[in-house]
Each structure stands twice: as C-alpha cells, then as structure tokens.
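Order as written gives the chain letters A, B, C and D; numbering starts at 1 within each chain.
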Amino acid sequence: MTESAIRLLELTKLFDGAGEPAVTALTLDIPRGSIVALIGPSGCGKTTTLRMINRLIEPTSGRIEIDGEDASLRPVAELRRGIGYVIQEVGLFPHQTVHQNIGTVPRMLRWERARVDERVAELAGLVGLEPEQLGRYPDELSGGQQQRVGVARALAADPPVLLMDEPFGAVDPIVRARLQDELLALQERLRKTIVLVTHDIDEAVKVADRVAVLNVGGILEQYAPPDELLHAPASAFVEEFLGDDREIRRLALKRVGDLPFEQGPVLDIGRAPAEARALLDDARSEWIGLTSGGSFVGWAHRDHVEEAATLAALPRELPAAQVRASSTLREAMEVIMNSRTSVAVIDDGGRFGGIVTLEQIRSGLAGRDA
Amino acid sequence: MIPALQASNPIVRWSWFVDEWDQIQAALVQHLELTLLALGLGLLLSATLAAVALRYERGAPSITAGAAAFYTIPSVALFGLLVPYTGLSRATAVLPLAGYTLLILVTAIIDGFRSVPAEVREAASGMGMSSRRRLLTVELPLALPYVITGIRIATVSTVGLVTVAAIIGQGGLGRLILDGLRRTFWTPMTIGASLSILLALALDLLIYHAGAAATPWARRRRA
Amino acid sequence: MIALPIAQAAVPRGIGLLEWLGDLDTWLGPDGILSSGLDTVTLCAAVMGTGILLALPPAALLAHLRRGELTATALVTLGRAVPTFAVAALLVPVALRRGWGFEPWPIFLALLLLALPPLYLNTYTAIRHVDQGTVDAARAMGFGERSILFRVEFALAISVVFTGIRVAAVQVVATEPIRAFLGGDGLGRYVRDGLGQNNETLIIGGALLIAALAATTSLVVTLLERVTVPHGVRRLRLQTASRRGSIG
Amino acid sequence: MRITIGALLVAMVAAAAVLVAGGGDDDGDAEGPTIRIRGQDFSESVTIAEVYGQYLSARGYDVSILTPAGFRTEAIEALRNDQVDLIIDYIGGELTALAPDAGIDAADADAIIATIGPVHEAEGATVLDYSPAIDGDAFVVRGDSEAQTISDVAALGYVFGAAAACFERPQCFLGYTDPGVYGIEFSDTVTIEFGPLLGEALAAGEVDAVVWNTTAPQIGVQGFRVLEDDQGLHPAQNIAPIISSAVLEAWGPGLRDALNELSALITTDDLVAWNIETDLELRESDDVAREWLEQKGLLAQ
C-alpha cells in the first residue's frame, strides 16, 4: 500500500449533551491518491468523521494527521483552503455567478484576476460545463449542473484532498450514474485523495478503492477494498448491511473483458458446412454463430446446418444479447437473462470479441481474484 | 344652513401652491431629512438588536416583543413625553420615529439572516472563510432582499408618521396639514397629505430599484 | 385665548403612576378606564369586522384568479402612506357639517383605511402563493373552483391571513387614541388630557394602557388563530410572504 | 453590487449625521446673537410672531422665525431650554401656568405682570411691556341662545365643549362648575381640539357652548355670541413679549425699546383683523404681518 495522505488516530467525538459518542476511537489510513468511501446506517458518524477532517467539527479526542502533520496545529482557514469540500446540497452561493462561485477559494488566496479566470475556464471544461453557463446564477442551472459547479469549486485551488458528503444524493439515478462516471474519469487524471460519505452501497462499490463500513456510534466494522468487502464481510453487521444480493453486487466490480477469452461455436460464413457440423458436435450446441469480415452477423440452428450447401445461405437470427468488453458482469448477466438465452455476444464497435455465457460469469465470481 | 364662512376654499387652490412654493419645498426637504434620519438611526439600532438576537437565539423573542411593544405606543403620547427632555427639537421627532422602524427592520434583518441556507453557510466555512468574510460576502448579500423589503415598508410608514411630528414643530409636510386643520383650509391639507403620499411612493420605488440593482441574482426569485 | 396650564383637580400633578392606576376611581365610573376601554374596544372591533368583510373576499378572489398583483401592491403602499390623523381630522368638519356629529364616522373611516392594507395584502399574498401543485392536485381530484378557493387555497393561506388580521388589529388599537383629539373619548383621553394638562403620569399611564390593549389584542388574535387553524397548516407559514411585502 | 447597496447605506447614515450635526444657523452678525422667535400652533400666535420677527428684522436685528409648534407649555419650556429666545404670550395664561395660586385680581394686567415677571426673571427671561391688544377667553353660544351672561347658562342644561386644557383650569371649566363661582351643571362635556372645530361643533349642535377666544373671527361670522363674564372669572389676556434676558442684554436697550414700541401699537382690532385674514380669507400669516407693518410704516427703516 502507498503512503497515507490522511490518518485518523483513535478519533472520538462526543457531542455536548449526548450520552454516546458519535464517533468512537476510529483509526483509519487513507492512502494518497485513492478514493475511500465511508458508509453505514444513519447515526454511524460518517458525516461527523468527514467534518472532523476539515475541522468543521473538532474531535473530543484522538488525532488527525494530514501528510503526517497534526491537523489541529494548522490554522483552520489555511487547512480548509487546502481541502476541497463538496456536500449534497451543493451550497453554491446563490448571489454569485457560476464563475464567481468557482473562483471563491482562488480569490481568497489572492490570485491574480487573470489566473483566476484561466483556472475557472479550465475547471469548467474539466467538469463539463459550457462556457456560457459561467455567467449564470446557480438558480438557473439543473441539479446535476449545480453539482458539477460544486465539484469545480472544490477543486479550484487544486487541493490534494477532496471531502465529499453524499455529493450525488440529491440528483436522479441517471444523472447520478453519469456524475459517478465523471468522477472516476476525473480521478483518473487528477489522482486526488478523496474521502466520500455515502449511504449507497452501489455507489461506494463502484467509485471507491477502499470502503469503511461504520456502525452506529462511529465504530469501524470493516475497512477493505470493495471486492473483499462483498466477498468476505467481516461481521454479521456488515453482512446484513450489504444485503442478500451482495454477491450480485460483486458482479458490478468485474468487466466482461476480465474473463478468459472464449471464441465459442462461431465460424466465418465463408467456411464449409462440414466444419460447422464438427464444431457443433464438439461444443454440444444447438446453435452456431456466424461472422463475416470479423463482425458477428447472426445465429444459425443445427437443423438448418445439416441440409445447407453453404453457410452464407443459412437462415440467421440476430443475437438477442450483446455486450461490450467494458460492460460489467452485472450488466452482462442482466442482458443475458432478459434475452431468455444463456449467452451474449461481445461486440466492440462492430468487431466480434467472443462470447460470454452465464456459466462463465458464475465461475468468474467463484474466486476472489478471478 | 351654514353661512359662507370663508373665502373660496377649494380642495386645492393652485395659486397658493405657486405662491407658497418656498414653504412647500422647505416642508418637503424637512420631511425627507426627518425620514432619512429616522431610517438611518433605526437601521443602526435594528442592526445592533438583530445581531444580538441572532447571536443569542433565546433573546430574539424578547427583542422582537420589545420592538412590537414600542410600536404600539401612540406617537402623539411619545412626542409629548419627550418634549420636557429634548424640547421642540429634531431629536424629539427622530427618536420615536426611529423607534417605530425597529419592529419592521429587526424582523426583516433576522428573517434575512435566517433565510441564508445552512448548506451555503457550511460550504463557506468548509472553504476556509473567516466568519467575518462569510458575513460580509455571503450572509449579508443573501439577507439583502429581506432587509430591502423591510426598509421599503419602514420608509413608507415613516414618511406617514413624520406628519405627526408637526405637533412638535418638526413635521415637514405635516406642518402644512396642521396649518390647514387649524384654519379649515383644504389646500395645505390636501397638498401636505398628497405630497406625503407621493414622497412615500417615490422613496419606495427608489429603494425597490436600488435593491433590484443590488441583488441581480434574485431576479428570478423575485419574479 | 385658552391657556394650556397645569392640572389641579381630577388628577393632581405629581401623582405617581402606580398610585393613579391603583385608585379604584381611575377604573370605574363613566370616565373610568373600563368604560373608556370598552369604547375603544367596541370601535376597534367594528373597524376590524368591517375591514375583514371588505378586504378578504376581493383579495381572495383576485388572488385565486391570479389578477391584480401590481394593483394590490400599489394600493397597499398607498394605503400605508396615507397619514391617518390627517384623514380623520379632515373628515371631522365634513361630518359635522353634514350633521353626522364628531363620531364615529370620521375616526371609523380613517381607521378602516389603516386596517385594509395589511388585511388585503396578506390575504392576497398568501393565497397567491399557495403551492400551485396543491391547487392542480385538487383540480385533478375534481374540486370545483369554489371548493379550491375555500377548501384548499384559503385553508392553506389562513395562517398568513391571520397575521394580516393581527397586524391590522394592533395598528388599529394603537392608532384609535387619535379619536380623543377629535371630539371623542376612548382610551386616548388620558394621553390627550395629560398633554393638555402637562401631566406626565396621565400621558405615560394612557400610553401604557393603549400598549397593553394592543398587546392583548395581538394575543387574542393569536389564540383565535390557534383555535381556528388546523395544526398542520400553522406550520406552513409562508416564508416568502414577508419577503414579498406582506407584514408579519 | 454589494458596493452599491453598501454605498447607499453609508450615504444614508452620512447624510443623517450631517443633518443631525447641522441645523443651527450661524450668527455671523457682529452686534448680537440671532433672536429666535417661535409662534404657538394657532393662527393668531403665528401672525404675532411674524409681526414681531419681521419688525425686528427690518430694524437690523438678526432674526430667525421658527416653525410654529406646541402651545404655552412647550413655548415656556423652549425658552427655558434655550431653544427659542423670544415668545409673545397672553399674560392671563402665563399667570395660570406659572402662579396659579397667586391670589391676585386676575383682571388686573399690572398685577399679573408683577407676579409673573419675577418668575421669568429667575429663569433668565424678561417680560416686557404688555400690549393693549387683548385676546381673552370667550364663553361662546349660538345666536339663538336665551343666555346673556355665563350665569344664565346654569338653568339651561347645556352640553359644553372645550379643549382638553380648559377642563382642569380654575379660570375655565372648574370655575364654571364651581358652586362658589358659576355653579353650572352641564348635561355633558366634549373635548374638542382648539380652533375652528369649536365653531363647527357649536354650529352643528353637537355642543351648546364652547370656550373660544374673543378674537376668533368665526364668532361673528357664524352668528355666535360671547356671553358676559359676570363673575369676572377670565383673567386679563393682553399680549406681551417674553425674551431671554441674555439676548436682551447682548443687544442693548435699543431692542427693549423697539419691542415696547411695537407692543404699544398693536390693538385688539388688529388681532381680529389678522385672524379674519388668515382664517377666513385664508391668507398666509407672513403676508398679513408684512402688510400690516407696511401700513404702519414700520418696514420703511
């Protein structure tokens, strides 16, 4: 594991008047350049933990080290300016334009105007905002656009650390999925240390490199990469929290391209029918796939192959299920089951890439490191 | 049945308007001065009280209740009570008038600051803004629409109330009204009352536009 | 020429406020606080009753039809700017010459003019800004326009309407004392007599009584609201109302 | 944008500060301080203030005629608080205000001056010579009344109307109802703001008798009558200037002489004439005063 960007050491928070601590002796290493998701039921102290990192809440005891330095010893304003902060409600300043919103921290850091403008334009491009939207007020944007502005604002001064508190909780599932993809793409380029609070296990599994599951009172139940978490829950609590379909969730972690390549009973239509018959016998299959010039053109049934003069003359059925190499196993499984067959054709931009069967998916899940 | 008591006494005798323009103008200026003084003082006091109310949540009800109680003291009585201390001076007029703005302005300022969404405050703090900077660049501008509405209401009612201050010789246009009442002379009464209404409307419009210019982002919300 | 000299008889100069208020004679009798207070309460109640009848129906209807927004604001600003004392004083000679006497018409009309703006504006604003989704839902459920106005819009707006009633009532009660300066009596008589006699006890005592009555009025309206308004609606206080210029 | 509203507020507060600080006129005159005159809040007093003010101004005195306000109480308080330097008041009223229990013959103007003079002197003001012009209290009834004297009213069960102040004064309501003086029992009483409303109320039959002033021009025009004060209750109400002693000294004896000369020239008829012009012909007090002064040749200096 790479070095830690943030270390929480025996962190405890007891709010005034509360009987039980909100966070109890939490110790967590957050590796540099990774995304760590904090997840758990409400009352598990995940947001409190996040807010202790940028000292919106001061811990009762314990320590937070950022780059090996005690966070409590740094001036709070300076500390926060070096940490991007994104929240569910976004919290854009309604009285400032998108441009002004994004430029808030650089202005506080007294950057020159031209440099602020340049940075704002760069960030707008990065998060996918149109230049003409920069002059608008937040009220004039959609929820998804507002959230993009929020992310851009948090990234404005290029902070090494980004804290995100249910950043996509307020947008609809389609936009949420797109924003998650964008975050991953962004992380691909920026390699920030990101701490993400979420209550959505799918989001945590999809986005995070490591997931910390917290129990009520901020007690750490398990801290592991998503696949390990899903495959081997450390406690009954985690198992219950992940739900019955946790194995299915694991399907979301692997892609079709990760499976061993399988050509399957597939032939070019220029080949002889006899070859096809031999292949069908070998594979004990009722159907044979036909390709032409590297593209999949359809399935033909064994009965027709028996009488056919050429493969090209065979009556063909178009494939009911198609996936890409980049599709997750979960997507592939859904596609196959919806097609009422047991096989999907891998098609990447017209190129035939092999086939994937339910059997393959099942065996792919069996081993942790398949 | 009543004999013609007086010389022709129309609702407005326009020659009087022309002849006495100096007097009218002076009254108008004095009216404006008193209104601005009362508002300025009222705003300072309200800002202070509202700041206290916002800082000590538990004190807020007593502060608004106090302002509300002050509002119910009849202005005539208040002017009368102050005369032995401050005489027939501007202070005698301005202090009660400023006091009457408190209820409206304190409420408006408190509402304004309470309207600032918690997430906006949190985002500001999370970005490392000092509380002073947050107050000036985030909370104050966001509270402005409420404050401006409060100032508009306070202005309009203060302009009306200033006329009452004529009984202590500081009335501006109220002077004309009182003069007309004293002689059952409609012209000064009509002119005094009409100009007072016009002044109120003009100031209201002015503040509305100043407010709109100061809060361009609220354009859509204002609708 | 009439002088404004110093009081001697009924209320001796220098009598303490508590002493004055503690004297039973101050309260009872034809000029007593109870009778004067009743005078004031009766007039104010009449003004408020008339005001509610005059202001609420057109405000509710126009708001339901979503018409006359500018007119509402303009009228109300105008109403607020009219100096009540001038109006009342102007009406007195008119009333006298027409044989209507000093009271109650001039003061009644002047107070009515004072009460109408907050009544009208709060009702209008409240109904105008009832969530359109709720209204559409009611319409989709087959509510008639009349039911929508009464059972949906007015029901949801009632809390803000009550705020208008409270503001109007307090203003009316606090302004009614000018009646004492225009040939009438009521609670304002103590302030008037105190000013005439340069007697601070009377002025302060009178002002306190009026302020107390105004506070009581506010309380009574609040209690009325509590009895009338369903709990769920009360919490719905339209925040926008105050920003849109209604008072409360 | 924040700057705009901020600037607006700053400007407002700054303007307020300037206005509060300002207000007082500079007295650039070498000879003496500005003489501030303020009339009380009824036409006659306003005109009188204009007459004295314009007169002094024409004679080279530095004069400022303030907005009329209040009545006697406020006028005396303003003199004491150095908010005004010269008032012209009615001596009978002064007596009831300053020495209500003096026990002198209230109809004797000299006796009144002898009583109120020292009271003012002690407070730094000087009562100058009184004028022959009198504006006394008037017990006024409609023309068709059976009464000739105030005593006659006792049998009539009248409704009585007067300004608030009258009801607590021995020389007014208390005197009318005092069995030792007039002993009248009114059937009802109404408090009426002092001025033309008294006449309106009387004419409308809302009241049967009011206490007004003898120079009120409406009395004649509306066909009312002033009843004879057969018990001699009403005090002498000559007008007399009362001036800040310091201002009087600063300007020297010329000012005293000038004021005394003017007072001697004003008559009761002049007061009535002025009131007719201001309250019936609806002319302005400053114009009325200037015309009278011109007519008397007092502005020609």
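Quick note on the criterion: a contact is a pair of C-beta atoms (placed from the backbone, for glycine too) under 8 Å apart; a residue touches a chain by one contact, two chains touch by 3 or more.
The structure presented is a predicted model; accordingly, all values stated were derived computationally and were not measured.
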{"item": "Label of the chain whose CA centroid is most distant from the centroid of chain C", "value": "A"}
{"item": "Chain with minimal offset from the mean of all protein Cα atoms", "value": "B"}
{"item": "Separation of mean Cα positions, chain D and chain C [Å, integer]", "value": "37"}
{"item": "Centroid distance [mean C-alpha coordinates] between chain C and chain B, Å", "value": "19"}
{"item": "Whole-Å gap between the CA centroids of chain A and chain D", "value": "91"}
{"item": "Centroid distance [mean C-alpha coordinates] between chain D and chain B, Å", "value": "33"}
{"item": "Junction residues of chain D - those touching two or more other chains", "value": "73, 193, 196, 200, 203"}
{"item": "Per-residue overlap in chain C, given as positions that touch at least 2 other chains", "value": "89, 93, 97, 181, 195"}
{"item": "For the chain D and chain B complex, residues of the former touching the latter", "value": "1-2, 4-5, 8-9, 12-13, 15-17, 19-20, 23, 38, 41-43, 66-70, 73-74, 77-78, 81, 83-84, 193, 195-196, 199-200, 203, 218, 221-223, 278-282, 284"}
{"item": "Contact set on chain B toward chain C in their complex", "value": "2, 68-69, 71-74, 76-78, 80-81, 84, 104, 107-108, 111, 115, 145-146, 149, 152-153, 156-157, 159-161, 163-164, 174, 177, 181, 184, 186, 189, 192-193, 196-197, 199-201, 204"}
{"item": "Chain C residues within the chain B interface of the complex", "value": "77-78, 80-87, 89-90, 93, 97, 170, 173-175, 177-178, 181, 188, 191, 194-195, 200, 203-204, 206-207, 210-211, 214-215, 218, 239, 242-245, 247"}
{"item": "Touching residues (chain side chain A, partner chain B) in the complex", "value": "54, 56, 76-81, 85, 87-97, 104-105, 108, 137, 139-140, 150, 153, 163"}
{"item": "Sites on chain C touched by chain D in the complex", "value": "1-10, 89, 92-93, 96-97, 99, 101-102, 180-183, 185, 189, 192-193, 195-198"}
